[in-house]
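Multiple structures follow.
Both of the next two complexes hold subunit A, though its partner changes from subunit B to subunit C.
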Partner chain A sequence: MTRYLLLRVLGVIPTLLGITILVFGITYLIPGDPALIIAGTDASPEVIDQLRRRWGLDQPVWVRYGIWFGNILQGNLGESYFSRQTVVQLVGNALPVTLELAILSLLVAVVIAVPAGILSAVKVGSWFDVAAAAVSFVGLSIPGFWLGIMLIYVFGVYFQILPAGGFTPLERGLVANLQSMILPAIALGTFASTQLMRYLRASLLDVLNADYIRTARAKGVREWAVLVRHAVRNALIPFTTVLGVQMGYLLGGTVIIESVFALPGMGRLVLTAILNRDYQVATGIILLIAAAFVLINLVVDLLYPVLDPRVRLARPEG
Partner chain B sequence: MTFHNGEKLTAEDVKFTLDSIRDPQVGSWLRGFLGPIKDVQVVDETHLKIKTDTIENQVIPAFAYVDIVPRSADTDLAKKNPIGSGPFKFVEWVPNDRIVVERNTAYWDQARMPKLDKIVFKPVTELQTRLSQVLAGNVDLVYDFALQEVPRLQADRRVAVTLNPPAEQSFVAYVNQRKPPFDKVEARQALGWALDREAFFKNFQAGIGSPVGNSPFTDKHWAYEPRTADTYRYDLDKVGQLLEKAGYPKGQGMDFSFLVPSGYPEFKQISTLLQAAFAQVGYQPAIEEVEIGQWSARLNQSHDFSVAVDYPGRGTADPALTYSAGLLYPPTAANVGGLTPETIPGYVDAIREGAQTLDQGKRKEAYSRVQMLWMEYLPGPIFGHRSAAHAGVPGVKNFVPHAAFQQSWVDVSLEK
Partner chain C sequence: MSSGTAADLDRAPVVPARRAAVGRGRQLLRSGAARWPLTLGLVVLVGFCLLALAAPLIAPYSPDAQNMVMPLRSPSAAHPFGTDEFGRDILSRILFGARLTLLASSAAVLLAAVVGSTFGLTAGYFGGSYDAIVSRVTDVLFAFPVILLGIAIVAILGPGVPSVIVAIALASLPNFARVSRAAIIPEKEREYVVAAHVIGATTPYIIVRTLLPNLIGPLMVLVSLGFAYAILYEASLSFLGLGAQPPTPEWGVMLSTARDFLFQAPSYAFFPGASIFLLVFALNLVGDGLRDVVDPHRRGR
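Let's turn to the complex of A and B:
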């Protein structure tokens, strides 16, 4: 058991190292030049060269990688060429927005997906199952930006009961904050819920056909107890993995929903950084997102033995 | 007169500002604007002596672009806390979320104090969200949105739409003269005849703007040369004839594409109309869409492009400035199309003549020559002038859009 944990934790190190090389390499491979963008189209070639020298962009790529990696080891992710704010500061502003959006939309997704998924699996082939399948296909096909614009138009412009986009920070009151986050959470959560629901339904159907469920029923265990204690608990194990992966995606920021609702989150931050060739910000954020992804997966992996005794039993030497 | 940090504004600060812009180490985009200045001397606390070799008409209008900064600040291009002396002072910038400025209570012009306590600028990239926010009353003003939305908003009583006169920005095509096919003047002229300007403005600009093209100036500008109006129109026969003359009969051997940046629909619309026009006479140019950073690098650094549409400004400036700044008109190393002082005989002389005399008649004559030489060699076709639309809630008063987008907010007020 200890060995399993140790191997999983140590395995993260080469992954993260590989990520730094990949992130740095890809970001610097994109054609374009921050000096040209910040100096503007009226600038002369000397002005642009001067800016490139100042930012060290005239150095070979491996030298720049070395400096960047050295800084990262010291916890310095760099600063923006444009706003002169550090990456940590920028992420400090954007991450709470994205984190709140991710949690709320995951909540929306789970609230829709869990009851609908369970009911669909239990009443497989019923009118509810068919209707849920139809709704989830529609949900999967509706583009997030369109749903977002429609929600803004209906609740923001027509009924005027919620703000038409924009973010209200928590300091300005919980109610105002939640009001600004409801629509984006619904737009994002609806899409996630359809995937989660299909997944939960499939894994629950697998479990319901398992031998131990038949045994439990044969023993005379009541149907709801079979469902709650035996079936759902087991079906939730793979569901947790999918939930973890979803959370990872959501933490990366969802560029489209953040743009539609004008939320100053991670997605827009990284997109603007890439478009501006703000290398330090782009590499810093992508690295953080990748690291968060790796860590969430690690946590999910570490949770497995807790959720599933079979994982523990499979490694008796630990 | 004081800066926002309380320091007194003196001639020393103005000298510091101008010298910083002129210093190539600083990297200011305005350096070319102040090119003719040879020296800046402080006479006393409120007077400067600015030296040029000769009369230079571009210098005074260029000052309109200069923001005076205190010499105690460094010359960093992107400051964390910008300090000026204007009616509003900087409070904070949260990237992607807001820029906040507040009333400068120590503003020098006590007779014209700012009416608003503070202004919050919010970047909202999604057009429909921006418009929804003003319609819902969540924001008070939306600045510069797609003209196609104007008729819808004009019909909505919740907002008032204001339009910029079409004058400052003109739609142009940068044409790469360094390589075929546009090293040939006939090929460039064919491009000038290929755009259905009327169709573009009618279908994509809600009929707003000025389809009368071919000059950086409109007929409201003193330097405008009326003979340019009809030099190029929409004529597919002319396109075919000129391309044949250029050595590409019936579309044979002509290979080029339009380079378009993502997120600028007007550039793509014009490129598509031009593509369609060329297709009708047997040529098949492609449209290549790249994101803006790459577009800019290919235009300015690698020169890896054939034709690219843009809407540069300075159509309302003094022509001395119009022809000395930017990427299209001055024949300098920064010229996108590769225009050199030798490309058009007499062009540089005519520009210098207009820039170095005070006689208005002679200036007008010189700039007429500049415009007609441009028509003849057509280093970059000009396709009319762009307007811009802004929409505000009815409580926004005295918002007058600035013709050259150097918006002042000092007189704007808000009645709730």
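Let's turn to the complex of A and C:
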């Protein structure tokens, strides 16, 4: 078991290395001389040379990758060409907004998906099952940013009961904060909820056909106890894996939802950085989000044996 | 693999002939009923393609014709979907926008399908260190959310439709590589492939002419679902200002402008989004329907 955990942790390293190579490749392929961008086109050649040396731009590619990679290992992701703030500082301000959005969206998704998925599986073929499948199919096809705009119209413009955009930080009260986050969380979480619901329904249907469920029923365990203690508990194990994957997608989805609702998160940061050609900020954030995606999946994989004793006790091959 | 065959042999005589016949009849009925979503999806998809093709003939106005006297109007007989901030006819702009969306998304998906399944099929077929490298690269690409890949590509190529196509293709590629790799590995051990080897068929012939036709089902499912995602992402990237630029009639760009006029003209934001939704919905129906046809065991799951 320790061997499995160790292999899984070590297996992440090549992927993370690959991510750094790809992101560095992007910074390298971006046209235009960063020194010219920082100094402006009318700067003197001496100033530009000086800048080149300062940023290590006069070195060959592999040296630049080495410098860049060394900096990342020390937690230095570069700094904004314009505001001179480090990427770490910028991210420090934006990350809480994005994390709150992603977590609330996942919460919205789970709150919808778990009851709907369980009920669909238990009453398979019923009107509820059919209706839930249809609704989830619609939810799966709605563009999140359009849903967001329509929510802004209904609740922000027409009824005027929720803000039409912008972010209220937690310091100004939990209620105001949640009011500014609830519509973005619904817009982002809807897609995830359809995925989670379908997955939970399918895995619960598998479990309900298992022999130990028949055994439990045969020995006279009450139906709700069969469901809660035997079936749902087992179906939730693979569900956590999907939850991790969805969390990764939600992080990516925050870019567009933050843009719709004017939330000052990582997505808005990376978008404004790219439109201003502030490339160190942009690539730094891209690197962080990709690495986070890999690490979230790692954590979920590591959690699996904790949740499922069968995996913990089995001897995995290879 | 051999255990699968043995289980099939075991199971076969257990079902009495009469029950099997009834089962088959019921199955036919059920498959007829189960196929209506596929039909509906195809009808909507073909409808969109025809409307896009015929846009210059059926659009009531030129997509660029401005009419400054009547900006941001609600739907009316003259303008069924209303007008935008320059008084342009939204219905006409949506019809022309369909052309761009359909072309860009299908180009991205085809690119991803060809390149991705080439890598996946060869990786699964040859195995070894080549397979390890391809799988690793796939893992790396998987870690990048589509929108972020789009942002990175735009940084390199500049905003525009080609950047969006490249970004979506790159992001969809790992799916094709993974699915085709997973599909070819069990398939390459089958007897008909061994037979092709024995009669002296070359490796490219075996992959393309012998194996590929048997993998086309799962790949078709992936193409239609990938097409749905491509449309979503194309619109999203344009919405963010990374793809088509105004004044091009494009659904994402229209939505991005419409957001600023929600108070005056909510219908302006409704129709482009509804078009994206309908098209994506149709493609999801097609993908799901195809999956049921390809893999009948999955039906109803």
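We adopt the following convention: the second predicted complex is superposed on the first by the 274 of 318 C-alpha atoms of A that agree within 3 Å, B and C clash if a C-alpha of one lies under 4 Å from a C-alpha of the other, contacts with A are read in each partner's own complex, and residues count from 1 in each chain.
Definition applied: contacts are C-beta pairs under 8 Å (C-beta built on N, C-alpha and C of every residue); 3 or more make two chains touch, one makes a residue touch a chain.
Because the structure is predicted, anything quoted here is derived from the model rather than measured.
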item	value
Touching partner for A:S83 - first (subunit B), second (subunit C), both, neither	first
Partner chain(s) touched by A:A39 [first = subunit B, second = subunit C, both, neither]	first
First (subunit B), second (subunit C), both or neither touched by A:I149	both
Contacts of A:F261 with subunit B and subunit C, given as first, second, both or neither	first
Partner chain(s) touched by A:L205 [first = subunit B, second = subunit C, both, neither]	second
Subunit B versus subunit C as contact partner of A:L269, first or second or both or neither	first
Subunit B versus subunit C as contact partner of A:A94, first or second or both or neither	first
Partner chain in contact with A:A282 - subunit B first, subunit C second, else both or neither	second
Touching partner for A:P14 - first (subunit B), second (subunit C), both, neither	second
Touching both subunit B and subunit C, residues of subunit A	30-31, 145, 149, 152-153, 157, 164, 259-260, 275, 277
Contact set on subunit C toward subunit A in their complex	136-137, 139-141, 143-148, 151-152, 154-156, 228, 232, 235-236, 239-242, 255, 258-259, 262-263, 266, 269-270, 272-274, 276-277, 280-281, 284-285, 288, 301
Residues of subunit A that touch subunit B when the two form their complex	30-33, 35-48, 50-51, 54, 80-85, 90, 93-94, 145, 149, 152-153, 156-157, 160, 163-167, 259-262, 264, 268-269, 272, 275-277
Residue ranges of subunit B touching subunit A (in the complex, touch as defined)	24-33, 76-80, 93-98, 122-126, 128-130, 132-133, 135-139, 291-294, 296-298, 300-301, 312, 325-327, 332-334
Subunit C partner contacts - residues on subunit A that touch it in the complex	14-15, 18-19, 22-23, 26, 29-31, 137-138, 140-143, 145-146, 149-150, 152-153, 157-158, 164, 202, 205, 248-249, 251-253, 255-256, 259-260, 267, 270-271, 274-275, 277, 279, 282-283, 286, 289-291, 293-294
